[in-house]
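Shared chain: subunit A. Partners: subunit B in the first complex, subunit C in the second.
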Partner chain A sequence: MTRSVDREDPDRLYIVTGGRSRVDESSIDSVSLIVSECDPTPGMQSEHVKILRMCTGPKAVVEIAAELGLPVSVVKILLCDLLDTGRITARHPSSAAAPTPGPAKTRLPDPTVLKQVLVGLEKL
Partner chain B sequence: MDLKSSDQATGAAPLPSTVSNALKIVIVGGFGVGKTTMVRSVSEIRPLSTEEIMTRAGVGIDDAGEVRGKTTTTVAFDFGRITLNDEMVLYLFGAPGQQRFWFLWDRLFSGTLGAVVLVDTRRVQDSWYAIDRLEHHGMPFIVARNDFGGPEHRPEDIREALDLSEDIPLIDCDARDRQSSKKVLITLVNHLYSLSTREHV
Partner chain C sequence: MDRTLLVLLAAVVVTGGACLLATASVPAGDRALVATYTGVAALALCATLAFAAHGFQTARRLRGRVATMEAELLRLADETLPGAVKRLRDGASSDTVLASVVQPTGSAHRRILRTLVDEVGRGERMRAAAMSACANAAGRVQALATSMLADLREMENRHDEETLGDLLKLDHATAQAGRLADSIAVLTGARSGRRWTKPIVMESILRGAVGRISAYQRVRIHSTSTAAVAGYAAEGVMHALAELMDNATSFSPPSEEVHVYVEEIHTGIVVTVEDGGLAMSSAALERAEQAVSAEALDLATLSGTRLGLAVVGCLARKHGLTVSFRPSSRGGTGVVVMIPRQLVTQPAPEAAPAGSRAAGAQRRTETASGPGDGAPAATATLTAPANDVAETVAAPDAPTGAAAPAASGTPQAESDTTGENMIAGLPKRRRGQTLAAASAPSEASADAPKKKPAKPLDPGAKFTAFREAGRRKRTGNDAHASEPDDA
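Let's look at the complex of A and B:
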């Protein structure tokens, strides 16, 4: 849990991502919920295998990152590969459906969504 | 509703398969102010920790000495989770308020419902920068004063020290206490609700 990429060989992150450093950020949110759509197959990259195994039920991108011990942006690149090949599906947060870039005024969430959040929190 | 201790012991308690919408609330505060404590007191999972890589633009902003010689610079943050109902799950992030963190705001926290600024009254100045950045991002927030048993401060004094306008809720809390932390979240969502109904008329 305390392992940090700071002290890690940068080559590892390079290899894990196949050398890519960018991903279409808007396609995957940090709390997009990922679900496996198939079982791992022989010869698959080990990180892909781990993701498919841990996402038999919905799991947020940040949870996958925490479990893999990899930075969120690296995990997003791995997830893009799996999304492109249909091995996973992603349920994106509806509140972040239309993010406004930069410091523009944040859109306030729908009151009906907030009401549901309140009901859920009261049950805690 | 009390969670079974077995659920809290594992970080891998599964979400209902029907969950389709994840929401975010961010708790911002200086080092040692109780962010992770608050996340832990309300989360259904043991708080998890992850990190994000800094882009070059943010490196060296805080303190050049700190980053010298590193090939990668990251910002770490903790988070927990509350399943709200069969469709919705809330992720609670504890985020450091230091300067370089804000370079990651758009990447990690776009779409966040709102923020809690957790304040230690012995170090009020630690919160100035966070409040300034939240206002810059147009992110609605409330201020929660974590009780460290120090001398009593009148709310109006804290408001003045933080230059906080009257319409932003300010409450006391004990981040270790589940009910108290729950009240903080409810205060935030109520605040968001009143802002939102004003906007969506």
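Let's look at the complex of A and C:
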């Protein structure tokens, strides 16, 4: 108990989220990959700054939550704020695997091929 | 008394002699009559004189006693009693005080002194007992609130969104209860709240303060300060600011926002709390200044309901804060709090911003010289400015080439993002990879553009970069497990 008391910060979560406890839009879930679109500006909430700094490469929401030490739902609220202002982009990891109009070589390997490889490896 | 007798004797001798003379000087036939009358007159005269003499003497004696008593009374009133009361206030017991002071001679004075010292002593004991009871209770509530807040925080981490809203409400209520307990603790002279073991940055100070008031959603914080307040004073500063913000929100209409500005100056940090309520009159401003001024707290001036400013005053004295009130340009009242320089520290700059950038650049070059890219590209990345990094990174592959033109709008940001995608290509990023691989077969990516309606053109390019990164990762790390399409 004392350990967690000592580790705490004085700011409470309802201040971090501005009193919100959930977000309406569900465009972000725990495994969404987040990439920042701009550098933090002075006067931003420190969590936003941290998110923008750590998301220079794609990063899952749960990873961000773990690094910030905040609950995932709180991080989602923070991310929605950033998303609404266009400072980050979010993408579901599965979208990388789906066929897109882009060049064929950017697609992920077909699951059936992967399965075959797995079976082949198990046979070794 | 003897003087009265002397006078009486002299009067008797003189009047007796006069009577005898008078009696002797008249003819013998009238002597009896004359003797009777003169005797009566002489007796009356003697009696009168004796009474007069006695009266004079008594008056003189009494005057003397009155003077003595007056002096004694003066000493009692001016020296003995104030001294005794002071010693009682300082905590001495009534018997000790009675033994130490100069006892007055009159028994009535002694009784007065004893009664007074006893009563004041009892009053002091009651006050001290009440104070310590209050302080003790407040301390327990503080401890409870602190541990409840820690528990709540832990629960907030554990539970999902459904429960989170309720937990946040409880959290808010507990924080307010904690502030009340802190206020009582401060007024009763107990230790204030908790002590932080590290410097607390200004943002956290302000948020901690805002979190303890009921109308926290009406407070707008404007702060770019990176300074921190020393741990031992952080709680006091937070509490004082919370009380001032609470005043500001409760004395302004619910539709008005309260604005908090932070400014770093060479003597410390200035925090201004401005509300848009009714302006305080000059007399009210003066009273408020008085309440937070440097004089010691007088519990007798506390009103039952408004403790805020008294608390601020106590905290200001304890930590050397300067609090002043002025009419606000927003129409209400502005409170200016100066946090002195001794309490302010500049925290060590976080290694994250500079360090990660530098490491990122380093890694970027390593990646560039890795499996996918040619050596010339790598050296170009090393020396090129940020904008060129995007080009260099994007150049070798066709799909990312599409990202480079899209980046022209915001060159700096785009180049960073594209550059860092190369970091994502590092073999060590296993986690993102498993995530991507795990959910690979299922859903479609049709929602990708919908996520960012503001900039419809950009996401496509960005996601192409993503994919590129993902592809690199797989080719770099898991080449044995999967067969890339392009191979």
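Going forward, the second predicted complex is superposed on the first by the 80 of 124 C-alpha atoms of A that agree within 3 Å, B and C clash if a C-alpha of one lies under 4 Å from a C-alpha of the other, contacts with A are read in each partner's own complex, and residues count from 1 in each chain.
Just so we're on the same page, contacts are C-beta pairs under 8 Å (C-beta built on N, C-alpha and C of every residue); 3 or more make two chains touch, one makes a residue touch a chain.
Values in this document were obtained by computation on a predicted structure and should not be read as measured data.
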Contacts of A:29 with subunit B and subunit C, given as first, second, both or neither: first
Which superposed partner A:86 touches (first subunit B, second subunit C, both, neither): second
Touched partner set for A:117, first subunit B, second subunit C, both or neither: both
Which of subunit B and subunit C A:71 touches, first, second, both or neither: both
Subunit B versus subunit C as contact partner of A:59, first or second or both or neither: both
Residues of subunit A at both interfaces, subunit B in one complex, subunit C in the other: 1, 4-6, 8, 10, 13, 31, 33, 54, 57-60, 63, 71, 73-74, 91, 93-97, 102-106, 108-109, 111, 113-114, 117, 121
In the complex with subunit C, residue positions of subunit A that touch it: 1, 4-6, 8-19, 21-22, 27, 31, 33, 35-39, 42-43, 45-46, 50, 53-54, 56-60, 63, 70-71, 73-74, 83, 86, 89-98, 100, 102-109, 111, 113-114, 117, 121
Touching residues (chain side subunit C, partner subunit A) in the complex: 146-147, 149-150, 153-154, 156-157, 159-161, 164-165, 168-169, 171-172, 175, 194, 196-197, 200-201, 203-205, 207-208, 210-211, 216-217, 222-224, 234-235, 238, 352-353, 356, 360, 398-399, 410, 412-413, 416-417, 420-421, 423-424, 429, 431-432, 435-436, 438-448, 450-452, 454-455, 458-459, 462-464, 466-471, 474, 481-486
Of all residues in subunit A, those that touch subunit B in their complex: 1-2, 4-6, 8, 10, 13, 25, 29-33, 54, 57-60, 62-63, 65-67, 71-74, 91, 93-97, 99, 101-106, 108-111, 113-124
Residues of subunit B touching subunit A in the complex: 1, 11-12, 14-17, 19-24, 42, 48-53, 70-74, 76, 79, 81-85, 88-91, 106-113, 136-140, 178, 182, 185-186, 189-190, 192-193, 195-197, 199-200
